[in-house]
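Pasting a structure below so you can have a look.
Think of it as A, B, C, D, E, F, G and H in the order they're written, each chain with its own count starting at 1.
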Amino acid sequence: MATDTKAILEAVAHQKIDTTTAQALLASGTTDDLGFAKVDLARTKRNGYPEVIYGEGKTAQQIIDIMYSLQSHQQNVLCTRVSPEKFVAIHQVIKAAVYYAKARCVVLNVQVMATTSTSIAIVTAGTSDMAVAEEAAVTAEAFGNRVQRIYDVGVAGIHRLFAHLTEIRQAQVVIVIAGMEGALASVVGGLIDTPLIAVPTSIGYGTNFEGLTALLTMLNSCASGITVVNIDNGFGAAYSASMINHLSQGGKA
Amino acid sequence: MATDTKAILEAVAHQKIDTTTAQALLASGTTDDLGFAKVDLARTKRNGYPEVIYGEGKTAQQIIDIMYSLQSHQQNVLCTRVSPEKFVAIHQVIKAAVYYAKARCVVLNVQVMATTSTSIAIVTAGTSDMAVAEEAAVTAEAFGNRVQRIYDVGVAGIHRLFAHLTEIRQAQVVIVIAGMEGALASVVGGLIDTPLIAVPTSIGYGTNFEGLTALLTMLNSCASGITVVNIDNGFGAAYSASMINHLSQGGKA
Amino acid sequence: MATDTKAILEAVAHQKIDTTTAQALLASGTTDDLGFAKVDLARTKRNGYPEVIYGEGKTAQQIIDIMYSLQSHQQNVLCTRVSPEKFVAIHQVIKAAVYYAKARCVVLNVQVMATTSTSIAIVTAGTSDMAVAEEAAVTAEAFGNRVQRIYDVGVAGIHRLFAHLTEIRQAQVVIVIAGMEGALASVVGGLIDTPLIAVPTSIGYGTNFEGLTALLTMLNSCASGITVVNIDNGFGAAYSASMINHLSQGGKA
Amino acid sequence: MATDTKAILEAVAHQKIDTTTAQALLASGTTDDLGFAKVDLARTKRNGYPEVIYGEGKTAQQIIDIMYSLQSHQQNVLCTRVSPEKFVAIHQVIKAAVYYAKARCVVLNVQVMATTSTSIAIVTAGTSDMAVAEEAAVTAEAFGNRVQRIYDVGVAGIHRLFAHLTEIRQAQVVIVIAGMEGALASVVGGLIDTPLIAVPTSIGYGTNFEGLTALLTMLNSCASGITVVNIDNGFGAAYSASMINHLSQGGKA
Amino acid sequence: MATDTKAILEAVAHQKIDTTTAQALLASGTTDDLGFAKVDLARTKRNGYPEVIYGEGKTAQQIIDIMYSLQSHQQNVLCTRVSPEKFVAIHQVIKAAVYYAKARCVVLNVQVMATTSTSIAIVTAGTSDMAVAEEAAVTAEAFGNRVQRIYDVGVAGIHRLFAHLTEIRQAQVVIVIAGMEGALASVVGGLIDTPLIAVPTSIGYGTNFEGLTALLTMLNSCASGITVVNIDNGFGAAYSASMINHLSQGGKA
Amino acid sequence: MATDTKAILEAVAHQKIDTTTAQALLASGTTDDLGFAKVDLARTKRNGYPEVIYGEGKTAQQIIDIMYSLQSHQQNVLCTRVSPEKFVAIHQVIKAAVYYAKARCVVLNVQVMATTSTSIAIVTAGTSDMAVAEEAAVTAEAFGNRVQRIYDVGVAGIHRLFAHLTEIRQAQVVIVIAGMEGALASVVGGLIDTPLIAVPTSIGYGTNFEGLTALLTMLNSCASGITVVNIDNGFGAAYSASMINHLSQGGKA
Amino acid sequence: MATDTKAILEAVAHQKIDTTTAQALLASGTTDDLGFAKVDLARTKRNGYPEVIYGEGKTAQQIIDIMYSLQSHQQNVLCTRVSPEKFVAIHQVIKAAVYYAKARCVVLNVQVMATTSTSIAIVTAGTSDMAVAEEAAVTAEAFGNRVQRIYDVGVAGIHRLFAHLTEIRQAQVVIVIAGMEGALASVVGGLIDTPLIAVPTSIGYGTNFEGLTALLTMLNSCASGITVVNIDNGFGAAYSASMINHLSQGGKA
Amino acid sequence: MATDTKAILEAVAHQKIDTTTAQALLASGTTDDLGFAKVDLARTKRNGYPEVIYGEGKTAQQIIDIMYSLQSHQQNVLCTRVSPEKFVAIHQVIKAAVYYAKARCVVLNVQVMATTSTSIAIVTAGTSDMAVAEEAAVTAEAFGNRVQRIYDVGVAGIHRLFAHLTEIRQAQVVIVIAGMEGALASVVGGLIDTPLIAVPTSIGYGTNFEGLTALLTMLNSCASGITVVNIDNGFGAAYSASMINHLSQGGKA
């Protein structure tokens, strides 16, 4: 943004644009105003990735409109939390859109992304955590990361985890996804030397409180190197993991 | 109690006592009324163990009075949650009382209890859980159990636990004591074939909520065979563990 | 596990297997990897009972696959939280599967288990707690325990409890199941000399908070010898109770 | 109040007072404005009892001023939640004030109240509930009720309760005071045919949450005829109980 | 119960019954065991009113069975929380059953009850609180009380309350029913000299938390003489109010 | 109200009405009693705006009846939280009623209101907050305010907000509506010099707790000049904003 | 800020400053960097009032440094939450600083502010709410508002409120401060036609939860026109009230 | 660990050690058992960093013992949450220990660590967040990272943040530390393209709930790329940030 500001200011200084234009540019810059939404077209520049559409609470038509907006600005599209029914409606209009059913994600790629040589490991405690894990995996892959899936290795049968430990330790960053009591994050965190992002899931019953217990477990882990995202937020974990994995591919000056 | 009732009823039937006496006996039986407290002298008969004094919120004098009452009825005395200051006051009056400082317990034995051949293992996650662990250990020993103490083997360095696994698996019943995220209970629970009683401790900070997080973790464990007691309730865990350990020594007809 | 490790290590020492194989064996041992799940076949050895399938959140097909896996390894199968609809689908494929409708459990026995001479008493406060109670009862019976069912004896009419007290006191371990305020656990706990496992149920309304009130009541009981499991967790209570009841049948060396 | 309004209106109608005076009378009536407080002198008329001073958060001087205000209007004074230190300061100024140390209440009677022939029973679960019980007892006695104190009869030793059941059943209204899990209210409620007011106390630890657990237990009681007041609110329970007890002495036309 | 016990004991003393029979009588006395439920037939004697059926969570057939049991022992029947659909099924079998749709209650009277000369006032804050109010009103009437209904007089338009104040002040006991912030209880409590039972309702949204806010308001009321029941518990409020109203009709010796 | 009282009192003083009439007038004054509801016709006088109907939990018929009552007293009608289905039923009877679908509001104007020259700005963080925003906007317009809608300018793309800052700063009062973490309120609050009313919405998932997180954020804002209303309470925010906006149009003497 | 930006941009366009300077000006503008704090000197321009110092958690020396910074830029200083001890230290250095003990506020005026002709009414429920009320009053006065203090008129004696209603209704905006159940806000809100800002206080005990109950009450008020600030936040309420009161004195173009 | 296992297995295969030794080695490996603690000496190998001592709840002597243990194994020592008093005691014994007072950390370096060329930015909202920020900064520096401190740039004066944006954007990873409503994390997250670790602090009052509000805000951020640690956990944030920063310096094969 600093760069943006400077470029516009210099344009003003050299009288290429007047101050009213400059003020507008400084503020509204790269937004596509759809009325119901102001699509943020500068996000790749600002955040390193295009704006991702959160599908829940939006109609199929609203999603289609935002997809068109992003696509027309040469941006890859990822849309999360899309029900199968909603995808059918989207697909009738945007044939190129691809649906990942387990992850409930829609992908529409305008440009091919290179895949990292290093990988993100996605580790789940149980079979029921798979939907969240797939949202993370599809997101990470959409952002150009190599992904290792290691599912159903919860601590009730801890030897299942040890069988995959070498694999997990080779990743640059590890996402641990668990519901119920969420203890897997602490155990994995104690065994690796890379950043671990923990995702609590809403799997469980009674005092699980729809994922709150797993969240608290992860925030209070006795192992170091663990950070946490919101309940069921596979997307958010993958977003951060992708940033970290890409850093390790070259870093910033 | 069933037996009691029958005995009294038969005494009535054989006119050894009148019905008014019987009614009183049925109701008030074996209580020592101290005014501020009604000491329950029938607890050994009814529950298998004498009444244990919960020291918190009682004055030294009140504790002394209840200790005298129990002692005079030939009952061993265990008093938990006694501060060092309070013990000094008790000890000036009851010289035979013994103080276990780490456990903050007072013991006054009237009769020697046999020690079980089998043992209770008490396992803690960290150094800070030791006070609760010692309350459990002293209670279990006061009730005649052999106790194995295995402290500071939390999951952040899980190899410390594996180093003691054989020992833990030899116990009849295992008490796992942990604060912070309390994940140790799930890991141990997944590795043993005996009952596990989990005790959350109030060790931690922030969203630990003074033990609530560890409690929730333990209640939602993905491992089976785990039951839970209140936060910091080392005494309660030991009480149940002792019942279980004694069952395994002979059981009930 | 200690034993396992030693056997594998000795095989290495005598050059019967190479170290790569040993490492794999040590880690992955006895797991059947179904892709969506890693079935834990070593659980009987490690925990004393086979892995139990938690039916909620699994498709009928997933349950069928895990049942086949366990059955093919000569393990008895218990699957909890199965809806009638899901059972119909399972039954079409696995004819030998038996459904316990009130308990919502499926049982598929490969080998006959001996029944204990001693019993577990299952006591409920109200009629509405019956579903949880039956989950506990079917689980306990599947694990070879004799079970006494004593239902609807809540404290609003406490004479109903006293009428069954003799029966309750003859059990080796008592499971008390109650919703609303859950006071029954404290009352029974004050009258028996055996371990009591309390199960809060989600029966109630308003400030019952779907079982939270009963859970808190049970954790804070003024009676000793009570441990607690998660809300509605009839299975978990029976699992621990079965461990305790079997201990009393012989104990461990 | 209806009566008040009419009287004032009639005074206006008969030109005894002008409308400005009437409006002021209608509104401000019987209040003594001390600046920091507006003492409500009409409370006896409106509520049946004088205003009671809640001592916590008031200085000794503020309490003295309000006591003087009430006394000078011929009203009996009850002040709750007064520390011993604060009472010393009050007593230096108002010699006639009497302190009830266990109840932490100050009483200053201007006129003698008749004592009811019927009684209020105050029942506690444990020794530690006594402070709340005494606040209730002193309040009830200050309002002219006969009081029966039955302390330390909690459900861990339920025979202690049965020994006093006849006594409890003779009261017009029963106050049950309990901390920890608060189960005593349900048990007593199931055994009596009179109104029961339950007072949760902040006695307990861990998940007791300073009385919240006992409060929830009492609100969710399976026994009928139980109403509840705030945690540790012995005064409030006694206030309502006194209203009920006096109703039974004659009722309202 | 005291009386019961004495009668049975005397029967034993005079050898009219043996001790085994006595023991059974003492305990199980007046219970009708339907298998799924143990109907408490002694409740009138013990609590002053027959057992009331809580309809939620029971099948129509279970309700019918319990109604038959009570009816055959000459007890009036009140069943709360009955949906219209369930009543249709009940009515096909028990033609004499009467349904109060707004209150969702079924009444089946075996014997006519006298109506009190004094009344219970039922006051609501809003139109939406009417269902709870009618449950209270039908319950109170079923127990023989005269009832005054004063609905929709919440504090947003406080003059609506003042218009009914005289009426409210004539009642022996007042039930105040309010959702949202529940302030009506405090305002009414400050204006009357009779016991007030407050019922929070689950009417509201957002931070109302399904009635929790109104409950907390009522428990913390600055007005004295208020006791509280569980959220939406119109039945419970009427039960206690009826006890109080009947006390005022004659009291107990 | 003061005025009312005085007028009635003077009528009494001049014997135009008797005291019984006066008392009734004083109390019930301007209420239309529909049985299920007491319509408050004095609200415009007392509060400056007519009573607004909260549609949720009321039947179409009840809404129609209240609308008729208000209309017949020459009051404009606003009814919030009306589903499309309910409106169909209302519209069949009251043809002049207008439905605002996004806002779920019904408006029926009897008299035309002047529109303020100054405006209220309504700012939302995301597309999903639009329903709450429209409830606010329609309410504000119904009360005669000019409204500026600025939607989807959340802090994830903060330049979208700056693009509209001049517009926002021109309003007399700003309503900020946000779900998820609700940070927009703090950012806007730090940039303006007019009152800001923050509305948390229930948009979000996991630890959003249906708007609770946004509410807490807004209550704890580090920016000054922010006040908060209940979750999703667009109506309430507009009601207060309208009061403020009208004050700025002339104020009160 | 929009104006700022334009001015700077025009300076660039006319080559009065270079782009590097412009960029720095745009960003850091009017901040005084004290190392531990960046004093916001533009706040009057941006928000209409100078930055107010929140004294809690700051040392006397830090407060002194910030006061000097503000004073040297000709800004009036208000510092809230200052203990008497801390003020002594401040006063030794800044003699002109004035302490308002009840409000725990320090004021240091550089320029005299005009006082509004219209007023803010500050209404409290009880004597104990006075500290919060005084924080509000001193803040409002520091910002140049006329203030009416009306204390101790809670709903337990509602006639005390009515006695001051005329006074309250004359204010432009009303602040209602209440602890315990906080019902006063609803009652006042139903009687006035001006904006009401409600401040919950932490006065109470038990389920008051240090002000949470009063907060919830106020957020769920059935009366319209009420907005709410954080618990005990007298300052925040006065800040918003002052904005509103000043609007009514002239408004914005 | 995988490597460890293989090495030990090969030693067994070549008969360099027997199987019993191997089993012990596999399990207990590199732990120093101090009785009260089992110091984990393998943590650098396993996690990339030595074990860090959490000072709270440990005595000075316990800390000294663990420091000696680590030091004697050539490991750098970092000890967090050490009060000044405790440090005095430590320093008397270990002269080389250095205390960072604002951070409350003790450092004892055995070997010099290289400092990264890239940096971690630590950004705080307010002055009061500095203690947590310094714990993070000292930890990050102890682990060899270059650190940029940017304090007191909260959103109430958002231009203070923009003044430092270029600096923040140059970091590899950003730690944002904020109390109150924690909105700063979302604003920064929307402006950068690197991983952001958010630390809620317990700074605030009322509904801040000792940091819970800031935590919830951060977990629900509308900006992507944010992960969260426990309240006040500056150490944990720095630990993860250091892992990420080091990854960017070279990554893993």
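The rule is short, and it goes like this: a residue touches a chain if its C-beta (ideal position, glycine included) is under 8 Å from a C-beta of that chain, and two chains touch if they have at least 3 such contacts.
The structure displayed is predicted, hence computed values, not measured ones.
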Contacts shared by chain F with chain H include exactly A, G
Chain of greatest Cα-centre distance to chain E: H
Over half shared numbers or under half: where do the identical copies chain B and chain E land at their interface, same or different? same
So which one's got more C-beta contacts, B-H or E-G? E-G
Which chain's centre, taken as the mean of its Cα atoms, is farthest from the centre of chain A? D
Here the gap between chain A and chain F, centre to centre from mean Cα coordinates and rounded to Å, is 38
If you average the CA atoms of chain C and of chain F, how far apart do the two points sit, in angstrom? 54
Any idea how many Å lie between the Cα centroids of chain C and chain G? 59
Touching at least 2 other chains, the residues of chain A are 1-2, 26, 46, 156-157, 165, 190-191, 206-208, 212, 215, 219-220, 223-224, 230
Let me know each pair of chains that touch one another. A-B, A-C, A-F, A-G, A-H, B-C, B-D, B-E, B-H, C-D, C-E, C-H, D-E, D-F, D-G, E-F, E-G, F-G, F-H, G-H
Can you list the chain A residues touching chain H in their complex? 1-2, 46-49, 52, 118, 165-166, 169-170, 172-173, 190-197, 215, 219-220, 223-230, 235-237, 239-240, 243-244, 247-249, 251-252
Per the contact definition, I'd like the list of chain A residues that touch chain C in the complex. 127-128, 130, 151-153, 156-157, 159-160, 162-165, 203, 205-208
Within their complex, chain F touches chain D through residues 2, 5-6, 9-10, 12-13, 15, 18-20, 22-23, 26
Taking the complex as given, what residues does chain A use to touch chain F? 1, 24, 26-29, 31, 36-38, 40, 42-43, 46, 51, 56-58, 62, 200, 202, 210-212, 215, 230-233
Listed in rising order, chain B residues that touch chain A in their complex are 125-126, 154-158, 180-183, 186-187, 189-191, 204, 206-209, 212-214, 216-224
